[in-house]
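You will see chain A twice below: alongside chain B first, and alongside chain C after that.
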Partner chain A sequence: MRLLTHNMLACNIKGVTNGFPLGIDATRVETKEVEMNPDFLKHIFPKLRWEAFRAAAHSLGIDNLPEQVDSNMLLDEEFLQQFHHALLEVHLEEGALICPETGRRFPVSKGIPNMLLNEDEV
Partner chain B sequence: MASRPELQNPPEIYYNETEARKYTTSSRIIEIQAKLTERALELLALPDDGLPRLILDIGCGSGLSGETLSEKGHIWIGLDISQAMLDVALERETEGDLILSDIGQGLGFRPGTLDGAISISALQWLCNADKSCNDPRQRLKTFFNSLYQSLSRGARAALQIYPQNAAQLEMISTAAMRCGFSGGLVVDYPHSTRAKKYFLCLICGPPNLNSALPKAKLGMESDESGSEVDSDNDEHTVTVLERQRPSKKRKVEKKVKGRAWVLKKKEQRRNHGFVNVPRDTKYTGRKRKAHF
Partner chain C sequence: MDIALDVVEGQPRATPLSLVTTLEEYRKPLLPSPRRKSADIRLVARHADVYEPCDDSFALVDALLADRANICELQPSVCLEVGCGSGYVVASLALMLSDRRNIRFIATDISKSAVETTRSTLAAHNLHADVLVADLVSGIESSIAGAVDVLVFNPPYVPTADDEVGVGGIASAWAGGDRGRVVIDRMLEVVDSILSSKGWFYLVTVTANNPGEICQIMRRKGFASRIVIQRSTEEESLHVLKFWRDGTNESSDPQSNGPLVSPSGRASFLQRSLSHRLSCLVSFKSV
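Right after this comes the complex of A and B.
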């Protein structure tokens, strides 16, 4: 799972009012190179919750993302590279996602988070 | 004839390793999935600007549908309830992110995040009460509500379904419309029992000028060549069930047009050569009391 997906996901256990962002407990992280598409990065940037993205990147061992960002930075090649890398090239392979409200853990195995809910969580 | 898979087992059991294997070996299945996905993408009517979008693939299974999305340059996230199917997607090294989840429990996405959603042959599974805890109506409602939430405004969902009968089709479409979607059902090849395909085309938000439903494909589908005879006559569209949001909600938005607007319209009609346009007076476009 890439951080792009992580940034869109929220815990939807019944009764949880703020299931975002899911905490990350990473035991294995992988990097797979993909071609950068600046247009997509510009398109998705306003939809991202940056603070959560930066924190998630941190839990996968990436520490070069700036704290403050604005859309002008998308013109900067170096920033684009870092952004692209953290968003689309780094994968959480093994570990867990953790609901910020209930602490419920969603295991991640072979890169696939298991978001199935128990009967009493629906 | 074998009975419908939906009647045999819950999806996570039916789509076991044996069934999932077919999605890598059967060229027929592969071709059908690709074709249906291409059509779904067409119905999504994304702006023709070459920009990659973030698309959700609902019931992504082995990732065949996702591969078509990747080919068109899009970035996708796939949801499926069957681990065996997702394992095949892993094997195939599809480019999208995969999530094991039951769409009847709702989609866990932040509001307004997705640019579009497709689904190929999965939704009819929601109509089954295959477990005591499964109430189809409730599950459909939960699913469509969360889908509506996750899509950005004006975004679309193109959902291809294999309904078991008319009642099921109605149940699915009604559930969708109740959640605030506009749009409706597009039936391709309506005159052929075999080639007939149902696409539920949903638009997030109230209808507007850009939200006209796409045309259905008519004529006969030729299986071998893959070429399709499109309707060349616009009047032949078979788009049924074109519903809009409940009128209750629309009434509120109805605005009274002012005097300036009336004057402008009358002027336009005169310029177009109409002779019976009433002359402008101090009464033109004034407020009138409601008469009942």
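Right after this comes the complex of A and C.
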């Protein structure tokens, strides 16, 4: 699971109002190199919730992302490379995602988050 | 309007034996051809609990291929397949749009095995997507609200007892409850909130689902519709329906399968005609 995926996941247990962003408890993290696609990065950047992305990257040991960002930074090759790496190359393979409100854990197994709820949570 | 399109792939189905010169060459890893416009069936992963690509999957991919020029024209940012199963459809969609490099693909399935299989199928085609185990769009609904430009759903449409729906295993892939509509109807409730203003929704149905009634339900939600592909087998009559917000453009080419809704008034006639045709089909089947 890439951090791009993490950025769109929220806990939707009935009654939960602050189910985003999910915390990360990482058991196994993998890095898989992929070709950089600046078009995709520029397209996704304005839609990304940066603070959540930065915090998620931090919990996987990536500390080089700036706190404040704006679209001009996408012209900077070094920033683009860091952004690309954290967003698309680092994969949470095993672990759990944790609801910030309830502490409910959503397992991540073989790189796939499981967002299914139990009957009493729907 | 009710065109039955069969899109013929440019690729040969299998390598002619005469071209296989050595065993080594025969054993060469199968790599997707860069010209390919749908997933290579030989690269689609399999699992005992996961629905393999079948007539309905092929009809859906053919419908998307038939509409490919329009989809490119739409310039989608987000494509989502709900119920991705083997991954054949989402991989095909990603391949047919591969010359547009800023599209985000998302795939969900209620079955963990299905999502794992989709992940393998995507990897085998060197494609990337966000994949997750979810009940329809649970866990992502708020993030993708109003953002999905192309939504694809091949639902569990086979009529069964209601308590067979979502019991897990491969039954989740086909058990559709009363008239095969239990999961379809839940999805229809979600479409309006997740589809973007210009977005399109492709849905596979069979006659037993009463596609005419589905179109009417969507009509009340403000969506126009047309049949992209209609196919009959001995078992069932398949339709791939397409929905879009009334008043938005559905096709870039007014000459081909023009929008059902136009300011000329031709619209309402065609709309009636579509509903009529579907109801005829339904009554024909039930005789």
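By our rule, the second predicted complex is superposed on the first by the 122 of 122 C-alpha atoms of A that agree within 3 Å, B and C clash if a C-alpha of one lies under 4 Å from a C-alpha of the other, contacts with A are read in each partner's own complex, and residues count from 1 in each chain.
Methods note: a contact is a pair of C-beta atoms (placed from the backbone, for glycine too) under 8 Å apart; a residue touches a chain by one contact, two chains touch by 3 or more.
Remember, it's a predicted structure, so these values are computed and weren't measured experimentally.
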{"item": "Chain A as common anchor, with chain B and chain C clashing or fitting", "value": "clash"}
{"item": "Chain B versus chain C as contact partner of A:D39, first or second or both or neither", "value": "both"}
{"item": "Touching partner for A:E119 - first (chain B), second (chain C), both, neither", "value": "first"}
{"item": "Partner chain in contact with A:M8 - chain B first, chain C second, else both or neither", "value": "both"}
{"item": "Touched partner set for A:F83, first chain B, second chain C, both or neither", "value": "neither"}
{"item": "Contacts on chain A seen with chain B and repeated with chain C across the two complexes", "value": "1-2, 4-5, 7-12, 20, 34, 37, 39-40, 43-44, 47, 88, 110-117"}
{"item": "In the complex, chain B residues that touch chain A", "value": "50-54, 75, 77, 81, 86-87, 90, 95, 97-102, 105-110, 112-114, 133, 142, 146, 150, 152"}
{"item": "Interface residues, chain A side, partner chain B - complex", "value": "1-2, 4-5, 7-12, 19-20, 34, 37, 39-40, 43-44, 47, 49, 88, 110-117, 119, 122"}
{"item": "Partner chain C, residues of chain A touching it in the complex", "value": "1-2, 4-5, 7-12, 20, 34, 37, 39-40, 42-44, 47, 88, 106, 109-117"}
{"item": "In the complex with chain A, residue positions of chain C that touch it", "value": "77, 101-102, 104, 106, 110, 112, 115-116, 119, 128, 130-135, 138-144, 147"}
